[in-house]
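Next come two complexes built around subunit A: one with subunit B, the other with subunit C.
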Partner chain A sequence: MNLDFSFLDTSVLSSYILKGFVFSIQLTLIAMVGGIVLGTILALMRLSGKPWLVVPAAAYVNTMRSIPLVMVILWFFLLIPLLLGKPMGAELSAMITFTLFEAAYYSEIMRAGIQSVPKGQVFAGYAVGMTYSQTMQLVVLPQAFRNMLPVLLTQTIILFQDTSLVYAIGAYDMLKGFEVAGKNFNRPVETYLVAAAVYFVICFSLSMVVKRLQAKIAIIR
Partner chain B sequence: MAAWDWQVFCKDTITGEVAQGCFGQGGDITYLQWMISAWGWTLSVAGLALVVALIVGSLIGVLRTLPNKWLRLFGDAWTELFRNLPLLVQIFLWYHVLPGIYTPLKELPGFLLVVFALGFFTSARISEQVKAGIQSIPKGQRYAGLAMGFTLAQTYRFVLLPMAFRIVLPPLTSESMNIIKNSAVAFAVSVAELTMFAMQAQEETARGVEIYLMVTLLYFISAFSVNRIATFIEAKLRVPGLVGAK
Partner chain C sequence: MIEIKNISKWYGSFQVLTDCSTTIKQGEVVVVCGPSGSGKSTLIKTVNALEPIQKGDITIDGVSITHPNTNLPKLRSRVGMVFQHFELFPHLSVKDNLTLAQIKVLGRDKNDAMARGLKMLDRVGLSAHKDKFPGQLSGGQQQRVAIARALSMDPIVMLFDEPTSALDPEMVGEVLDVMVNLAQEGMTMMVVTHEMGFAKKVSNRVIFMDAGKIIEDCSKSEFFGNPDARSPRAQDFLSKILQH
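So, the complex of A and B:
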């Protein structure tokens, strides 16, 4: 077996891979920001103690968490056009899907984060005359967020890995870019190997960052 | 949205006619039969991969707690490698790359390659839990074993592992539920499992909602059954005297 990587020059990289790489990063960032915002709202709903908020939030989170991501991607790709009455591109559909799907996972992390803040902090907020939303915004959520930062980032690494599953609806992400290049140059073995290397370098270095962050946060406490 | 059409499951996959009694005759199959066989594939892939993952994951997890520096390094490297590659990429590596590098693998059916891909991917997560489980046991127990004259292997076999495995059972349960969900990725290399069925049947019949609903339900049922079985095993194996023991 002779491996030949020479065809992967800058012009091939920029014409095949770059577009997919940008989409993968875009998808990750959008789903991360959207997922954390939605997830925090879901977590607050679940911790509110009001059944009409707790039940739907819990049902949403548990449903999303028990369906394979590939099926969720397929579901949204099928349902969104049915509901809107017009077709939707795979890329946009993927962004909506990942945001809504990751919200379920981020909400579990934020729930643990909010619960990790001592109750006394909440009472202290009320005691100085803050409302519920002020206490949450100014006292509880900043601490919850900081405590959970390493876990949120780890989830984001998993999210980045999972973006490759848009393969199911044919969206053009980084893996797809490598695959197409491999087919066109008849060098699939090489392109898959390079794709694996790129994913590994990105995920491994991010997880090293998370490790250092974890140590740092532990010292501050 | 159009009305429900559940009859789609009784349709013959070739002629598209509704079959009598919902089961095809003379070698033909209906979508219902296809779906049941796809469920079987999902469960087989997930089940076999779980066996691979438990064996390899436990082994690597133990390696990562041994006194030997090189074995620990090997275990750590293994875990980092399989944890930092997307599952889909790993499946492609097993399916497209490894048989090209090591030709005898071409003889193996694609189904087995996916089992190994999914099993090794999950082994990284299991090794992490086994390692944490062993490390959560007080150091004194390891020393006590060695002081009694046990060899290192005996200390693991009789002192550390019986405790560690019972400690890591709950996280292993969620891993076994994850492996059913993750087996859906096998669609990418044309293993005839549930997600593959969902995609193809949706395309052929255009009754996507009904088909996706049934497939999702089957995933629910599978994961829920694993959860029940695991809860039963956990209750049986609980360490007396620990928190949560009856």
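So, the complex of A and C:
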């Protein structure tokens, strides 16, 4: 097999890849932040002990976790125009879908995190006169978040890999950039190889960061 | 100050407190003792409604903890509590532990809260540690910070739930010293403890509990000075605990 990477110069990278790369990162960050916020709310609902909060949150999480992501991406993209009466861009649709989907996974992580904080801490918050929401915000969630930081980041690495699934609705992400470049220069094997290498480098270095964090957090405890 | 009126509490079908009643007057120091599992820790946690009760009522400074209109967070902010396992906030420095509730609950100005917190920290002899995190302190130091945190809120009464039970023996003294000091200054205190030395030294009254019931509730001199008048269960407990 004859591999030739010479066409991949900076102008190709900037005109084909950069745009997709930026979108992949954007999508990851938005889905991470939105997913953690929404996931934390879902986790608090599930731990509230109030059936009218527990049941819908549990139903939402279990549903999202039982459907393949690519189907959620497709459905949302196809159904929303029917509901809104006008089409929604693939990029915006992807951002909303990923946030909603990842929230289910982040919520399970935050639920474990909240439960990892000893009950005595909740008592201590109440005892100094804090309300439920103050106790959560100021005492429990900061500790839950810190304890779960490595797991949250690991989920984010998976999320970053999953962003490539937006090919299903034709959004222009990093993989799409490589794919288009490969087609235009008739070098699909090379571009897919480079794409794999880029995903690997990003994900592997992030997982190294996670490892370091884990050691650090273990020391703090 | 605190009125506990015929309270009962169940965990499922298991009754942990049965018809407990007592009154703690202003300036009084009351020690609650009894074998483990007797319900003493549960009793003290019901006082500021950390553990709900199913029957009876408790009033603090005239305010009922079971009344639906009672603002529980506000009531609790006036009641200091010290826990067996300290329960300092591990993600915050000592300074922030002392000021957080003053600022967020009492709405105090940051500088006022800091001044008050540092004054209390000085009182427990730990000013030098204000920038440390709880994990960097010994158990005894953590418990003293916890006492300072409670005092920073200017409580009308202090509750101590086995404050020395989780400490290494050499650290018990430093915490008890702070408590004795507090008692001698006239703070109203309810103290669950096995430290009979503390009870003898500063308490006004001793409550003895067994199997969820208040068996004895009498003055210190009566409790320690007249053992023959005590119930068999209390005599047994006292003989074991005072043997050494």
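Operating definition for what follows: the second predicted complex is superposed on the first by the 221 of 221 C-alpha atoms of A that agree within 3 Å, B and C clash if a C-alpha of one lies under 4 Å from a C-alpha of the other, contacts with A are read in each partner's own complex, and residues count from 1 in each chain.
By our rule, a residue touches a chain if its C-beta (ideal position, glycine included) is under 8 Å from a C-beta of that chain, and two chains touch if they have at least 3 such contacts.
Because the structure is predicted, anything quoted here is derived from the model rather than measured.
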{"item": "Which superposed partner A:P68 touches (first subunit B, second subunit C, both, neither)", "value": "first"}
{"item": "Which of subunit B and subunit C A:G120 touches, first, second, both or neither", "value": "second"}
{"item": "First, second, both or neither for A:Q143, with subunit B first and subunit C second", "value": "second"}
{"item": "Contacts of A:L78 with subunit B and subunit C, given as first, second, both or neither", "value": "first"}
{"item": "Subunit B versus subunit C as contact partner of A:T131, first or second or both or neither", "value": "second"}
{"item": "Partner chain in contact with A:F200 - subunit B first, subunit C second, else both or neither", "value": "first"}
{"item": "Comparing the two partners subunit B and subunit C, which touches a greater set of residues in subunit A", "value": "B"}
{"item": "Subunit B versus subunit C as contact partner of A:Q161, first or second or both or neither", "value": "first"}
{"item": "Subunit B/subunit C common contact set on subunit A", "value": "none"}
{"item": "Subunit A contact footprint on subunit B (complex, rising order)", "value": "1, 80-81, 83-90, 92-93, 96-97, 100-101, 177, 180-185, 187-188, 195, 198-199, 202, 208-209, 212, 215-216, 219-220, 223-224"}
{"item": "Of all residues in subunit C, those that touch subunit A in their complex", "value": "45, 48, 50, 73-74, 76-81, 83, 85, 87-91, 100-101, 104-106, 135, 149-150, 153"}
{"item": "Subunit C contact footprint on subunit A (complex, rising order)", "value": "118, 120-121, 123-124, 126-131, 134, 138-139, 142-143, 146, 220-221"}
{"item": "Contacting residues of subunit A [partner subunit B, same complex]", "value": "1, 66-71, 74-75, 78-79, 82, 157, 161-162, 164-165, 167-168, 175, 179, 188-189, 192-193, 195-196, 199-200, 203-204, 207"}
